[in-house]
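Below is a structure I'd like to ask you about.
Chain naming follows the written order as A, B and C, and within any one chain the residues start at number 1.
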Amino acid sequence: MLKNLKLQKKHGLYIPLIGMAIFYLLPMYVMLATGFKSFAEVDLKTMWNLPQGIAFDNYIEAYAKLAPSLWSSAKMVVPAALISSMLGSLNGFILAKWKFKGADIIFPLILFGMFIPYQSILIPFVQFMNAVGLTGIPGLIIAHVIYGIPITTLTFRNYYASLPQELLEAAKIDGADMLGIYRHILLPISMPSFVVVLIWQFTSAWNDFLFAVILTSNTDWPVTVALNNMAGSQIISWNVQMAGSLLAALPTLLVYILLGRYFLRGLLAGSLKG
Amino acid sequence: MNKNKDRYLSIILISPSILAVLIFVYGFIGWSIRVSLSDWKGLNPNYTWAGSKNYLALFSDPRFHVDIRNTLIFTGVFVIGSIVLGFILAVMLDQGLKGEGIFRSIFLFPMAISYIVTGVVWRWLMNPAEGSRMSGLNLLFDSLNLDFLVNRWHTTPIWGMAAIAIAAIWQMSGYTMALYLAGLRAIPHELREAARIDGASEFQIYRRIILPLLTPISLSALIILGHMSLKVFDLIIAIAGKQLPLDVPAIYMWQTTFDGLFYSRGAAIGILLLISVAVLIIPYIRYTLKAED
Amino acid sequence: MSKKFWSSLIAILLLSAVVLTACGGAAPESPAEEAAPAEEESMEMEDAQVEVFSWWTGGGEAAGLDAMIEVFGAEYTDVEFVNAAVAGGAGTNARAVLASRLQAGDPPDSWQGHAGQELIGTYVVGGQIEALNDLYDAEGWVDVMPETLIPLISHEGNIYSVPVNIHRANVMWYNPTVLSDNGVEVPATMDEWFAAMDTLQAAGVTPLALGEQWTQLHLLETVLLGSLGSDAYDGLWDGSTDWASAEVTAALDDFAKVLTYTNSDAASLSWQDASQLVVNGDAAFNVMGDWAAGYYIELELTAMEDYGWAPTPGSVGVFQFLSDSFTLAVGAPHPEGAEAWLKVAGSKAGQEAFNPVKGSICARTDCDPSLFGEYLQSAMEDWGSNTVSGSLTHGVVANDSWKSEIDTALGLFVAGQDVAGFQDALVAACASSGPCK
């Protein structure tokens, strides 16, 4: 009896859950439906209507416009994610297991870098990067690597700190040096953290707009900037814009669908308690 | 001997990162502070010492007052909304329903998308037009006979910022949900069972046992969301463009620096933003690091 | 580790492998392509290129630029054209990047800027662009451009940029059917306009469609022009009209009154949305630059049937213009290339290639009208005969700092509706960043 009642109560939860799911999916619907409409069909008043036909013209047009910048983004995001993960892993290892004098000061200093508003470094950043000629994709990679160091370091440090010290001591007795321990003991068991950090860096670099708009020009725009520019400063074809928006979001959505669990952990890594 | 070599090696390996952070974070902050104390207006750098002039001007600048009001409204609605909604979603998903994974994915997916993309859609959804031109969510409410929900969204005087916060809640509440869900899963089942046996109602269990246990998570969420809301920029630009009623310090900084060429004023706004983030973050970092020891 | 973990990991590795091979595949192609002709041609012409910086990155603007580049390529086959276009926001981001390049001493050879004070106040005062008087003399440009234009793009007797196109800011678009249904004539003066809008409002029609903040600034400049007249309006920008005067108060009162006729959701509309209200019959009038004609053409509407146009009330006989123009950098790395580019930008062929595509008219008065559509032909006629005034929103009459202070004052005014406070802020803006002392 009681169990039945409980079960019913539980099933009642589906109503608010489905309601919330609809709320979360509404913008997605608008994006999809508008992406299939023709230019003349696009009107604010009829935004909830289904498109009159399923045509992929807008997607083809958007892809044609965005293809070069999708590659630019890929060329930028992959090295940025890989390099900052490697650096983060090394730093995390040293800060967790190989503390040197001053490490307790260095770590919070690095950590704080995660939270700075970019507005407070924007003017010097623009001046500096242009003065040393670090623009375009290489400049963007460097920016994402450097401003990614805090979060990658934190994630790996927390993970390594949770490993028992005995693991290292045993290896030390066997005569392994620091790099040996890192390479043969810690690296092989770091894969989960790597996945988390790679996903995090991948999505944040892919979605970044501020650095990209400052550092790149039309030959190497990443996709967020290209999307913003597709409109030009005057006439906007919303149907193509929406189709393009979906294309631009596709890689992160794909990573997120394929690796949902790790994506979740990646997000949690953003909190200090990760 | 060996130990010394490793010690040097570790310092050598970590120093590029430290150096990079020192230059790109702290060096640049110092540089910004210097600019904010200068008289630089126009294209060419001008480091003439101006003291606190730019800061004092901001404190009496009506636009900056609007910015502060907007930031407070946005932060309040966004942080409270995301935490409450995220908590409710997490509790619902924690009941072990079928299809939990699907719901979790749906609630989380907005986070994967860039603000630039979602802002465009929200701009449409929150169209405040009335009468025959009604569209977006208002049109939806109207056709569902939910007229009382029809409103002017971000064009509402003074409180328009709260509408922008709704879009931000949409994007970030999945994150707080994930935080809370992780927290709920970590609470041992026996604790709830024991309370139930003692005759506590479900509500009491959440109120007296679970919420207190989740305090560290709520604190994390508060800090993360709070510092995000101080930096909000692309979402507002994508939804509303650069308009004074929805102005925030980050937008003022960009506009005054790069449109108006008031470099020193822009730097001062950046530094004030940094100070407000630091007030929030530094105690938190200290608290977390202490808790570890 | 769980099975799921490893399968996910493999997925990620595959994904990055795909990405990496794609990059790897693409990379060798392009350098090979570029390298080959470079080696063949230019042993002696090593520096024969020109880097031109603009924010024309999409739509008709980018297409127009491409058309002009084609003309350039046909004429200067040995000069490589480097198109350094930067994104976004009517040039805001581009200007940020340009400013930092100039500060770093790495200027492009030539860059785009709105003709007038936007260029002069920022780059001439900053010592970053060269005077072009010799080029104007050699090419005979002074004779083919309107007399009243030259002072607006000059500073202390020198001309600093080559305008390629002209847009008109003071255009009022209207819906002919809505006007005739309500028995309203197209207004020519401010008073007629107010009367017409009263009639329309009483009939339940939104009289004036308005969009987001920059379109409000655009409306303000046309109301100032219409209310003050072109002489007093021009005087605002050189200090001869007092911002604190009673006539400015009256003009601002007019502006406040105009705002009462607008749609309540202005802040949420782009200029296109506002333009669309007119042709949909949801509003009677809209004040917008003449790029709106390009939008209407794209919507496949018929001129004078679906939409009509007239100068904004009170500005008949005045052409309030804005113009994109190109400059010559001080210390340009390729001055010959830059000069070649400027010659094309100022030439009849270059402007006739660019403007029909961009949807603007030539800065020269001798372009062939048959290349242009109905609206643009009427604009060409006016451009040749009207008095020329400059636009505030689009960089002609005020420098960037001044404009941004006015924009802030406008934003505060729209939120608070305090005319006296607005005027005080405008007076202060002129004193801090304009010619007023």
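As a working rule, a contact is a pair of C-beta atoms (placed from the backbone, for glycine too) under 8 Å apart; a residue touches a chain by one contact, two chains touch by 3 or more.
The structure displayed is predicted, hence computed values, not measured ones.
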{"item": "Chains linked by the largest number of contacting C-beta pairs", "value": "A-B"}
{"item": "Identity of the chain that, by mean CA position, is farthest from chain B", "value": "C"}
{"item": "Whole-Å gap between the CA centroids of chain A and chain C", "value": "35"}
{"item": "Computed distance of Cα centres, chain B from chain A, in Å", "value": "16"}
{"item": "Interface hub residues of chain C, defined as touching at least two other chains", "value": "93, 96, 103, 270"}
{"item": "Touching two or more other chains - residue numbers and ranges from chain A", "value": "44, 127, 228, 255"}
{"item": "Multi-partner residues of chain B (each touching 2 or more other chains)", "value": "45, 127, 129, 133, 254, 257"}
{"item": "Touching residues on chain C, where the partner in the complex is chain A", "value": "1, 4-5, 8-9, 11-12, 15-16, 19-20, 22-23, 26, 55-62, 83-91, 93, 96-97, 100-101, 103-104, 106, 270, 272-273, 276, 291, 294-295, 298-300"}
{"item": "Interfacial residue positions of chain B with respect to chain A in the complex", "value": "2, 5-7, 9-11, 13-14, 16-18, 20-21, 24-29, 31-32, 35, 45, 89, 92-93, 95-97, 101, 103-118, 120-122, 124-125, 127, 129, 133-137, 139-140, 170, 174-175, 178-179, 182, 216-217, 220-221, 223-224, 227, 230-231, 233-234, 249-250, 253-254, 257, 263, 266-267, 269-271, 273-274, 277-278, 281-282, 284-286, 288-289, 292"}
{"item": "Interface residues, chain A side, partner chain B - complex", "value": "10, 13-14, 16-17, 20-21, 23-28, 30-31, 44-45, 47-48, 87, 90-91, 94-95, 98, 100, 106-113, 115-125, 127-128, 146-147, 149-150, 153, 161, 177-179, 203, 206-210, 224, 227-228, 241-242, 245, 248-249, 252-253, 255-257, 260, 263-264, 267-268, 270-273"}
{"item": "Residue ranges of chain B in contact with chain C within the complex", "value": "41-45, 62-63, 66, 123, 126-130, 132-133, 152-155, 157, 160, 240-247, 254-262"}
{"item": "Touching residues on chain C, where the partner in the complex is chain B", "value": "92-93, 95-96, 99, 102-103, 122-123, 125-128, 212-214, 263-268, 270, 277, 282, 400-401, 403-405, 408, 410-412, 414-415"}
